[in-house]
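Got a structure here, written out as structure tokens. Questions coming.
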Amino acid sequence: MKRIDLFDEFLPRDFKEGVELLKAQWRRRPLPIQLFLLMCLNLIIAPAVYAAAGTEIDRRSAWALGMLGLLTLGLSIYVFVVIFQPEHF
Amino acid sequence: MSIFREIVKAIRVTLIFWLLTGIIYPLLMVLTGQIVFPYQANGSLIKNAQGQTIGSALIGQPFSSDRYFWSRPSTTNYSSFPAAEFDPKNPDNITQRTGTSGASNLAPSNTQTLLKDNRKPDDPDLLKRIQIDVERLKQANIQPTADMVYTSGSSLDPHISVQSARSQIARVAQARSLSTNQVEILVPKYTDDRFLGIFGEPGVNVLKLNLALDTLQSGSGAND
Amino acid sequence: MWQGFFQITLTILILVPLVHFLGRYMARVFLGDKTFLDPIMVPLERTIYLLGDVRYKDDMTGWQYARSVLLSNLVMGILVYLIFVLQLILPLNPTSLNPPSWDLALHTAISFVTNTNQQHYSGETTFSYFTQIAALGFLMFTSSATGLAVGIAFIRGLTGKLLGNFYVDLTLSITRILLPLSIVGGLILIFLGVPETLASPETVTTLEGAKQVIARGPVAHFEFIKQLGENGGGFFGINSAHPFENPNSASNLIETLAMVCIPAALIFTYAIFANNLKQGWLLFGMVFIFYVVLIAIAAVGEFQGNPLVNNILGEQQPNLEGKEVRFGWAQTALWAITTTGTMCGAVNGMHDSLMPPGGFSTLFNMFLQMVWGGQGTGTAYLFVYLILSVFVTGLMVGRTPEFLGRKVEKREIVLASVILLVHPIAVLIPSAITLAFPETLAGISNPGFHGISQVVYEYTSAAANNGSGFEGLGDGTMWWNLSACISLLAGRYLPIIALLLLADSMAHKQPVPETTGTLRTDTVLFTGVTAGIILILGALTFFPVLALGPIAEAFQFATGH
Amino acid sequence: MTNPTSKPRRTPQGRRDSRRHTPKVDTKGLYQRAVRESFVKLDPRVQVKNPVMFIVWVGTIITALLAIDPYLFGAVPGENLRLFNALIAVILFFTVVFANFAEAVAQGRGKAQADALRSTKSDTIAKKLLPDGSIQEVSSTTLRRGDQIKVVAGDVIPADGEVIAGVASVDESAITGESAPVLKEPGSDIASSVTGGTKIISDELTIRVTADPGKGFIDRMIALVEGAERSKTPNEIALTVLLAVLTQVFLIVVATLPTIASYVNSSVSVAILIALLVALIPTTIGGLLSAIGIAGMDRVAQFNVVATSGRAVEACGDISTLVLDKTGTITLGNRLAEEFIPVNNHSIEEVAQVALAASVFDETPEGKSIVRLAEKLGATVDFDRSKAEGIEFSAKTRMSGTNLPDGGEVRKGAVDSVKGFVRSRGGQLAPDLDQAYERVSRLGGTPLAVCQDNDIYGIIYLKDIIKPGIRDRFDQLRRMGVRTVMLTGDNRITASVIAQEAGVDDFIAEATPEDKIAVIQREQAEGKLVAMTGDGTNDAPALAQANVGVAMNSGTQAAKEAANMVDLDSDPTKLIDLVTIGKQLLITRGALTTFSVANDIAKYFAIIPVIFASAGIQSLNIMGLASTKSAVLSALIYNALIIPALIPLALTGVKFRPLTANQLLQRNILIYGLGGVIAPFIAIKVIDVLIASVGLA
């Protein structure tokens, strides 16, 4: 409980509400929220791709490549789920 | 069985086998080796006529004088160091204390000729290196053969092929003022043949051959 | 040329009776039958069981067996790591060598405990005699015995027997197979010129007056178990090319045979467990053909030599870069294929300097992991391929697939798949990361297509627990040490766990009696189909990297640019 | 494309065709509906159930994005990229659609069959018999298990049930397709059960309902063919794992390729990588896998067999022992009395007289045939039937007979039992009894002894007729590795004669119902899978014990519930067809998997050399494909087209021949393995030439 109070103290009220909204949305419609979070994650990955590729690509392509990488990772995890729980497919 | 007991068992078994295979077995083998085959067990060291240890029968040495048969090119110069630079006490010269081995590890394709990759002049280049060696051999009137242009695997290869030994006979004989015949009869004597005449390749042990030449001449010199 | 192929042929023909005999002997050992070593070894084993608190009659389940493997290997790894870091205060360090860096020590410990013996260091200049014999030499026995034990447990499970007790199998592997053979083999090697001494390196003045430092040490006993146990970690940096590790063609022959005999013999051990000698011979024949073809590819490449160099020399000469005169192209090519096939990893010539066909064959060998394969695990991989073949072909005859009368179902396919997946994951992913940053991470010494081969080879060697290297790679960095550790661990323990669980589930299946509707697995047809499936699975996964590595390099020579 | 169902399936003798009568299925509009369905199935929530196709589906979307903006992932060399990427997207799209279509066609056929069945089942008014005897008209959907109903001529029977009173003929053509009406009467095992949806055409019946609404026979069948209850069989699951693993492997291979290739400055566009991935993952089998399964169930239904699960159908392929009743399966229907053999100095007329007396209450066909034969010999009933008491046959006593009004006891039955009976009454055994007994047995007939009180009169020779052609079928089964065991109540000698004539591998003589279970358990203990047929209530435990139990539709409800398949035609030999169907199902899966994986070799050789042409490996382009683009497109087009091309094979199944496993493997490896390696080389080359000639790439 103390922790949440701390949140209240140091973070703007909007932030907490935003998190709660996300949580609620996740429960209701998981897919769009997952996509949204994926894009957020990509905000970290895209600059790394941009840096790694050097001068060859622009920012937009770096962002797209980051998404593609995440998508590939996602597909790979999905296929692993199929391998270990084939009954569900 | 509890995980604790399993760990204890693993530790006990590890220690038993450590003693058996890591301590008892090696010591037993060292003892037996030292008693039964002391010459081999200590590295097949050979001495010259004066009784000084001059090397190992199994390890090659670099030779550049015309008086000696040349060995194969080596990336470590046969773990040998010019006497002037030899300072094993210097902590940086670790290989002067321990000895070393090593190969070029050049890929057959690693050459500017093939890759055309704008490499720096001092980058390793297989063809360039071989071309230099071939020039050197041709100047010494030696027909370049594979063993004399390619570096060995260990950089300590004691052998050269019979063919490249033969092509050096004339030069050595001339430098030592011996008849080619005197040198020629030594070559087969120091040629290690295939095992059972089948396995491996015949090779001339350069160090032993050169040592025999020295012995021959110091002996004949004494007679003079 | 013909002399070269003649000696290769003769060497591998000696293999046939040798492994047949050894296979029978190992079957007797692990079936608990009487053998001639009983009078000496039984008291020793009793002592070991007593001191180790091993109740030899307790059979383990697959998971218990796997847990024992993991725990004992962990303890051994920690012990060895401690010896590494305490090297300076431990005895037998005549050249006062400092301990290696933590990442190198970690990589070396993992590499040796996984029976890989990938070396990112040079023996002479890194480890004291004590470290070599009491840490590395010790792991050479136990890691190899671990593999053998797992292989035997797998065979037991497959043939419907209980898996046995890991510690008993570990003990028997050492006392009945590895140790006796090592004592005999080590003595022969000393006789042939391999040193066995605790004296420090000898400094001599050469004939031309230079100072030569001759490294030596207790090599012979180390050398033989290195070969026999598919360990491959050389006492000296340059491994079995060093004249003190492998002084002549006689020692070369013995070391070659020592390298291949146990993995090849295990096929016959299986045949006796399964009571199906016909299948043993068929499988032996299939792997033998793979072996022969790969040797031929590599040998012809080395014999024809480097066309660019041949141009300079004016005639066709074999490629002797990184090779020793006493072995020549033939024995080096034979060794290269044997060492990558059996996951030994020792070398008697430099693989980085092999012609592209040699690079191709050695890589392909490690991709397949079953041209004899690693100690124990290799035979198990062979049977994993067999189980996958049974699954596909079994369906084609209209029955639920079964192997040795035991049905292959979802659980078995999942476990076999894990084994199949480890390789692409542990090889291709780190290779791709490393090659994405060639300047900062890779340390490639041979640029171009060969650079791809260098990087892929390093991870393949780690994941396949082979340990040989394209040694030109600058692999002593922290990146290489740590990333290779992941491949080493994944390539060793994931398959071992999966194999043991697979064996366990096969062991507990109700066997189905054979009818004419049963797909017989001991026929030429089925063995041929299995060979095709092995080739296709191996080739399909790694075709792109092979195409961009050795194949592209070969075409480069062919087209001359 | 022809409708595969309409093609008569040829079997070795060709005789079985007559047995297969597909209920009238409305295939009109089947394909239009399937086309519509295959687009509806593009829903990602549906696609995600099929891992291989889901990857293709995701690939389609990415390439579609790349068709809009070819430089999305950075600069790519080449011209007309937009068109090229669009073409890839379209081909991938159709790959998914084709796979959906395959599934939709299979489901559509099942649905059509279900519709045909459902049309027979309508909400009818049932006459429910209340406990007080009055009749209440209720909707058939309100009927519950245990309710009693009355049906009269012209009614559709509203629910599955068991006849408890009345005799009537019933038209079962709706479910069996057999137009001849069947007689239904209470009590007997064979004819007492009725199926909902069938029509009573004469008289009236009182029926006890045995199934709740929606749980009836037709409901189960509808559910099954519609795929509603279709859960994956164990084998299908294992195969799914294997396909997922191959997919994972290629996903890793393709995802790591760009950085590996970048080291030698060979860049590859994302669109081509996706194309490579789709070409390599096993789309062929991935697209057809569910169609194969559904079609397999369909084929079972077409044989008029209702399976409770796909698992049971698959298990049919694994059967290694068939336990068959002699009667009705190996021999034609019923044994008939052929001859009376007097013993103990009795005359033939005396025997006939006693046999008649013993059989007057015996309503079985055998009993009736004895009566007929006795009457032909001039015997008459010389006692008051109403005062006599009939003794029914029981498996325990193995005798039946009559207690006469005068206190006399006449019995007929198995010779041993009758001997025991006579001995218990203090009688002597006739010396010539055993001779007669053996004579009949050696002829393969069944000897029945007849006695009155303590005196054995003679032997009735019941003649068995072995079904024509049955021997060939057993030979086929033997070649497939299936052992046949004949169960019979006959004595050993008779049984062995018949067993030999019919060519079964083993027989159990003088079998009791317990023996059935025992023999099944014994076989199962050896790890064998056992199939058996049965119809009687006392078969139920054995049917439940067997791995595949096929109950006859004419059998009792208990038997039907214990079994995992019910044969609507009540044809015991159909088990043999079921074995074939089960095997065919597995073979089709295995063959297409092999084909799919073998195709990868050609696709690799088409794509890798051209996309890495800058690495100098063009010499690997052994097909001499025109350009990078045409090579990629031809490989993909082949990959897409092979799916619809194989739909007929997936639906009809790979032809099964009764060969040994080795011969089968040899055949199928040649066709699907070697063929799978070679065929795509040719096809891709042809497509490449076509593409180049129209100037598409």
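Letters A, B, C and D mark the chains in the order given here, with residues in each chain numbered from 1 onward.
We take it that a residue touches a chain if its C-beta (ideal position, glycine included) is under 8 Å from a C-beta of that chain, and two chains touch if they have at least 3 such contacts.
Keep in mind that this is a model prediction, so the values were computed, not measured.
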item	value
Chain pair with the greatest number of C-beta contact pairs	B-C
Nearest-to-centre chain - CA centroid comparison	C
Length of the line joining the C-alpha centres of chain A and chain D, rounded to whole Å	49
Distance from chain C to chain B - Cα centre to Cα centre, in angstrom	27
Averaged-CA centre spacing for the pair chain D and chain C, given as whole angstrom	50
Interchain centroid distance [CA atoms averaged], chain A/chain B, Å	60
Contacts with 2+ other chains: residues of chain B	none
Contacts with 2+ other chains: residues of chain C	410, 414, 417, 421, 436, 448-449, 556, 561
Two or more partner chains touched - positions in chain D	237-238, 241, 244-245, 248, 252, 255
Chains grouped in pairs wherever the two touch, ordered by label	A-C, A-D, B-C, C-D
Complex contact set, residues of chain C against chain D	388, 391-400, 405, 408-410, 412-414, 417, 420-421, 424-425, 428-429, 431-433, 435-436, 438, 448-449, 451-452, 455-456, 510-513, 515-520, 523, 525-526, 529, 532, 536, 539-541, 543-545, 547-548, 551-552, 555-556, 558-559, 561
Of chain C, residues touching chain A in the complex	410, 414, 417, 421, 436-437
Parts of chain C lying in touch with chain B, wherever the complex brings them together	6-7, 10-11, 48, 51-54, 67-68, 71-72, 74-76, 79, 95-97, 122, 124-125, 133-135, 137-138, 140-142, 167, 170, 174, 179, 182-183, 186-187, 190-199, 201-216, 218, 220-222, 225, 236-238, 241-244, 247-250, 252-253, 305-306, 308-309, 312-313, 317-328, 330-332, 347-350, 352-356, 445-450, 454, 470-472, 553, 556-557, 560-561
Parts of chain D lying in touch with chain C, wherever the complex brings them together	234-235, 237-239, 241-242, 244-245, 248-250, 252-253, 255-257, 259-264, 266, 280, 314, 317-318, 320, 478-483, 526-529, 582-584, 586-587, 589-591, 593-594, 597-598, 600-601, 604, 608-609, 612, 615-617, 619-620, 656, 660-662, 664-666, 668-669, 672-673
For the chain A and chain C complex, residues of the former touching the latter	52, 83-84, 86
